[in-house]
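I have a structure here, written as structure tokens, and I will follow up with some questions on it.
Read from first to last, the chains carry the letters A, B, C and D; within each, the first residue is number 1.
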Amino acid sequence: MDILRYTEQHNDFRQRLRNFLAEEVKPYSDQWEKDHIVPREIWNKMGKNGFLCTSVSKEYGGLGGDFLYSAIVCEEMAATGQTGLAAPLHSDVVVPYLDEYGSVELKKKYLPGCVSGEVVTAVAMTEPGAGSDLSSLQTTAIEDGDEVVISGSKTFISNGILCDIVIVAAKDPAVQDPYQALSLYVVEAGTPGFDKGKQLEKMGWHSQDTAELFFNNCRIPKTNLLGEKGYGFLMLMGKLQQERLVCSMGALYGAEVCLKQIVAYCKTKKDGTGKPLSKSQAVQFALVEMAADIKIGRTFVDKLIADHIEKKDIKTETSMAKFWTTEMTNRVLGKSLEIMGEDGMVEANLIPRGWRDARVTSIFAGTNEIMKFIISKLMQL
Amino acid sequence: MFEFDKSQQQIQKAVKAFAKGEFDKEQIQEFEKNREYPIQIWKKAAELGFIGIHYPEQFSGANLGIFENVIVAEELCRKDSSMGITITMAGYASECILRFGSDELKSKYLPKIAEGESLSGGAFIEPDSNSDLCRIFTTAVKKGDSWVINGKKTFVLNGSSADFYIVLCQTDPNASIPINGTSLILVDAKTDGLSTADQGTKLGTNMMSMTDLKFENVKVPVTNLIGEEGKGYDNVQKFFTESRILFAAQAIGTAQGAYERALEYIKGREQFNRPIAAFQSVRHKIADMCIKIESAKLLTYESAQRFDNGKLDPKFSALTKIAATNAAMEVTNEAVQLLGGYGYMTEYEIEHFYRDAKVLQIREGNFTVLKDIIANTTIGKLK
Amino acid sequence: MDILRYTEQHNDFRQRLRNFLAEEVKPYSDQWEKDHIVPREIWNKMGKNGFLCTSVSKEYGGLGGDFLYSAIVCEEMAATGQTGLAAPLHSDVVVPYLDEYGSVELKKKYLPGCVSGEVVTAVAMTEPGAGSDLSSLQTTAIEDGDEVVISGSKTFISNGILCDIVIVAAKDPAVQDPYQALSLYVVEAGTPGFDKGKQLEKMGWHSQDTAELFFNNCRIPKTNLLGEKGYGFLMLMGKLQQERLVCSMGALYGAEVCLKQIVAYCKTKKDGTGKPLSKSQAVQFALVEMAADIKIGRTFVDKLIADHIEKKDIKTETSMAKFWTTEMTNRVLGKSLEIMGEDGMVEANLIPRGWRDARVTSIFAGTNEIMKFIISKLMQL
Amino acid sequence: MFEFDKSQQQIQKAVKAFAKGEFDKEQIQEFEKNREYPIQIWKKAAELGFIGIHYPEQFSGANLGIFENVIVAEELCRKDSSMGITITMAGYASECILRFGSDELKSKYLPKIAEGESLSGGAFIEPDSNSDLCRIFTTAVKKGDSWVINGKKTFVLNGSSADFYIVLCQTDPNASIPINGTSLILVDAKTDGLSTADQGTKLGTNMMSMTDLKFENVKVPVTNLIGEEGKGYDNVQKFFTESRILFAAQAIGTAQGAYERALEYIKGREQFNRPIAAFQSVRHKIADMCIKIESAKLLTYESAQRFDNGKLDPKFSALTKIAATNAAMEVTNEAVQLLGGYGYMTEYEIEHFYRDAKVLQIREGNFTVLKDIIANTTIGKLK
């Protein structure tokens, strides 16, 4: 049985995307990794070709596609050897806040740009003093007439340098309950008082611009509020299912790419007797174990995609998938390097890059420990 | 029971003081980024006697054992894995001279290493072969007073900064088993016909270079032969038995350094109104790290003392290298996780401990090679 | 989405089976474990109530049901705390040989009894000198007029004591190719020259009768040949997909039963401060990890059941499932005992029994190493 | 470096000879099946000095250390895990007397253990409490010259055959922290009001009984107090720090025994026309087993020598117990797997090594309790 039913339209879309990436992205990924950023125009190219925000309705210039389009983009991006053009983050994690909770005015103003790639987005939750604990956020949003004044600092913000708008979680200091105090606001890059910090250097995701963001009495129109005031926490929670699913998909697809690469490597690389490594039983068993984990992970993630499209509540399952797939992917990448030995040290090979990139997946979007904590609550332990 | 004696305690203290005084985080990150060899720090380490501590005094060493060398490596890597590995690899493969070489070669080359005048490199693996060294295509042919060497080597650490290389060559193409026809030959870096090509950025420890070497009719004196002709492969394996202890020592230092940073972090970091050190899942990670570190330490110390007492076999050395580097990998991995986002950021150091641990784990004997060694010595080779 | 679609008939069947097991099996499982065998009559009771050989066609007295009935039986049996009444082994592993390859005469003769429980079956492949390597089987079958003479010994035969017929793999010594030499024969208990050895004592499966079987010039009618002569190996291979799937199902369902038990245990058992163990974060995380593995395994196995019903070739996937689920189940049981501490030593608790029983699953029906070997071939490594 | 001295080598040799001569596979399987204590073998072991080897000579011991006791336990379990565990548990908890007891108690009870006349049991855990011993409901009230004890204990090994028990009692119900009000009291098995109830078959080592104990107005002399009043909990924890070494020793012996049997099996067993020892996957399992055994051995030896030198802390003891019993679990598990169907059969012994390893792993400190200890001593307790 096929868990996911891709139509001909889906398949055409995938083929067009694949061609596009082969031409416009893959040849440059090494350079972007060295540059520690992608050229701003690649976002526009992605958008113009219809590969961003596929779920946004046609009214705003989007494809109005189902989540399978997101899955296709996520899967094809995984094979590009770069992370900076983080389409799934933009299309399936950040923009949905705007798309679901934004006023018609905000949507008219920003969504077409999000689709066309003219507006690159970021979401700013995490702060230096608060990681997974949203109750301890310190950034404030104080209403002042028709404006809201935002002050505070955010960190680990993906697309932090290139972003044109950022969705900021900030609290009203007058509200006692730290959860009910939270609201989400759209802040445009260039707004006085909003400064992008310097790009953070990190283990992997070198082509991705991660940065700190600073808000110093940054005044924005009150109308830049997303949804209702005080509903920030609930809105964030409401989007976590998709966010975790997207993380699981990214991790899984990354593992699949790695498996292909390491199998190909083992079939060509020879041991001291001239036999390909793939004839070594120890290597075979390692590859088989990886393949099984990936196959089993793929079935689970496919099932979750199908359930998500059916709008089922799969909070527990997506939280499980988030920690399970990311741990699995790290294991697959790590074992691949172990098989490669000295070759695994050389950055010119793609697997070391994949290994560095994979490591963050068990940290971001809620660490895996937070996932386990959440699941234990959902299991009523 | 392992206990450091007075002298060993003093060495440890001195190394710790040196690392504390000389290892500057920002500077190290610059070296890494620019892939620049830390010349001053290396020379200072040599000056203080931390390089070649296991050489005899006549060759500018301290006449001490591998156990003391382990202490040095552990302490340096504990402070910084990349710098520690780099410094303790300054004389990499020079032990081939020390153990098998002629007095002339020892006198000529070892003091330079110990005094911080020279770096050395081991040129064993080849692009067309594998790290098990079962087939060597680089040839050395004796012509008059010279060896004439042709071929290619790869994964040569210190490749672009070394003053000489220990090169494994096929010297008898007609040997019944290829490995029986190999010999070790010392080649000065400046010899004509020898060229190096950088292998680019690597997973970790980028301040130390890694290059390919190309030999085109490279002529060196016949006296540059290290050890017996035809014993090259055997001697390299003996050297590996020794050098794996050093990797294990680097691994336990790396693990310890990451552990200590993580421990400090969790005590200071608050989430949900408690230090995260109060959460049992975090506490048990710390417990797991302790188990792995203590266990890897004992294996490393035991290996070192066995070596110093002439009792280390390839099996114990191989299993120590596997266990210690795996421990380092697991401990640094948990350390990254404990720091969360900060664990992934260069500024917080642990991410490069994690990368360096991986390099230690996969270099000079990945799990396949090492487990084959253990099995071969336990069960014998079988068809 | 539901991967498996159980109908009302399926659900009724499950409920009837569940009632039956609650009344006729569960109350006696401790005793059977002590007796190291189940009473012969329980097979008849299972049969009379329609719970054996659900896939055998109505013509032979069966239900003519799809594989979902097998899944139901396998799942419900997993919660009975005994292994001796090994219905899935009989119904879904052994009888299918007869059902698919037997002549009409053989089927008429034996199938109704298999369904009714009057004929308990076993399959005899493994020999003392040959485990997973069928090419080295030594048992011979030599034609002599209208008879076939079987000689040799078999070991680790489940149902070895209670079986009424046994399907024996034996080779014609005149045929050189060890695979082409193999044929399958039906041998009735009581046939002169066929002796059941003593029951083997083992780590677990205490209520299951595992034995050696001896054939000493055992003469059977030529018509007891299954399928064609020399096709034994192919017939065995042809049934492996279902056998591995059944093993995976058994292992998975066992893990699910264990998870329920250990969660219940942790919610009641208190630590030194009077808090239930389930409030310990270390315990919570362990339980969450088990739950995730089980959930992911369940999704995969369900998918394979659906594919198997659709008659897809899922040799690779079922081999993966066999080693993955059995390793997982052993992990789940082992970790549960670790959580229990001293309580985990006491056999009166069910989890220690489950732990002992689970251990064989990564050995039988082809060790997990054999699975990995097979997959590496299928992956063309 | 660990090396056995002459005397230790002799002990090892003697134990090995004893086990070889006295441990009969069929007989052991009968003991296990019938849950029968191996009286003759136990007495013989005592006669040869293998029980209480760490007692002073005046108490019929050999005045040796825990290190020697480890050698005994390792060798016995290597030959047979169930028998080895049973014999080395003959004097279980008697160390409470040895370390904390009065001279009178020592003189009265220790020689009987060492001479094979008595078995002892530790009665610490309670049915309504947990193995962390944080709450003790069994009370002992001083009345005149006696302690009057009421309550229940569980998981008492040697429960039905012991001649005396070391019982942890609440002696001060008003203590600010419950554990501060506890004391250790020695109770003779034949004392009125004391009854035992068998806990049934257990996962492994069934020749040694395990029972519940019930105390109903059990009167023992006040002089049966072991150590200071109010120090019961502390002393039990100290005892655990010591006894965990014994479990680790049993674990490494069990691992070693399973490993050796598996090694022998794979050399003899053929599949696909080759001994299975020729398959790399099998060979690497052997390599993995070697790594785990060597590593667990070092931890155990180190712990023992630290104890004998007065330097063993609860943390190192706890991590040794975790690592050694986990190693035993993993090694016996692989051994079962290597034997395939035979690994599951009673006749081939390994299956009971596997079960015994599990018991060692989960008894007297499961992972939660032990990792909490490690974390508490490393980080401190935090709310």
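What we mean here is this: a residue touches a chain if its C-beta (ideal position, glycine included) is under 8 Å from a C-beta of that chain, and two chains touch if they have at least 3 such contacts.
The shown structure was predicted, so the numbers you read here are calculated from the model rather than taken from an experiment.
Visitor: Which one of the chains is farthest from chain D, going by Cα centres?
Guide: Using the mean of the C-alpha atoms as each chain's centre, the farthest one from chain D is A.
Visitor: So which one's got more C-beta contacts, B-C or C-D?
Guide: C-D
Visitor: From the C-alpha centre of chain B to that of chain C, how far is it in Å?
Guide: The separation of the two C-alpha centroids amounts to 52 Å.
Visitor: Averaged over CA atoms, how far is the centre of chain A from the centre of chain C? Could you give it in whole Å?
Guide: For chain A versus chain C, the centre distance works out to 44 Å.
Visitor: Just the number, please: Cα centre separation of chain B and chain D in whole Å.
Guide: 41
Visitor: At what distance in angstrom does the C-alpha mean of chain D lie from that of chain C?
Guide: Distance between chain centres: 38 Å.
Visitor: For chain C, which residues are shared contacts with two or more other chains?
Guide: Where chain C meets two or more other chains at a single residue, that happens at 280-283, 285, 369, 372-373.
Visitor: For chain B, write out the residues touching at least two other chains, lowest number first.
Guide: In chain B, the residues touching two or more other chains are 280-281, 284, 367, 371.
Visitor: In their shared complex, at which residues does chain C touch chain B?
Guide: Within the complex, chain C touches chain B at residues 280-282, 285.
Visitor: Could you pull out which chain A residues touch chain C in their complex?
Guide: Within the complex, chain A contacts chain C at residues 1, 3, 263, 266-267, 278-279, 281, 283-285, 287-289, 291-293, 295-297, 299-300, 303, 306-307, 310, 317, 320-321, 323-324, 369, 372-373, 375-376, 379, 381.
Visitor: Would you pull the chain B residues touching chain A in the complex into a rising list?
Guide: 125, 129-135, 154-155, 199-204, 210, 270-273, 281-282, 329, 333, 336-337, 340-341, 343-347, 351-352, 354-355, 358-359, 361-369, 371
Visitor: Okay, in this complex, where on chain C does chain D touch?
Guide: Going through chain C, the ones touching chain D are 126, 129-133, 135-136, 155-156, 200-204, 269-274, 277, 280, 282-283, 330, 334, 337-342, 344-348, 352, 355-356, 359-360, 362-364, 367-369, 372-373.
Visitor: What residues on chain B touch chain D, complex-wise?
Guide: Residues in contact with chain D: 1-2, 263, 266-267, 274-275, 277-278, 280, 283-284, 286-288, 290-291, 294-295, 298-299, 302, 305-306, 309, 311, 315-316, 319, 322-323, 367, 370-372, 374-375, 378-379, 382-383.
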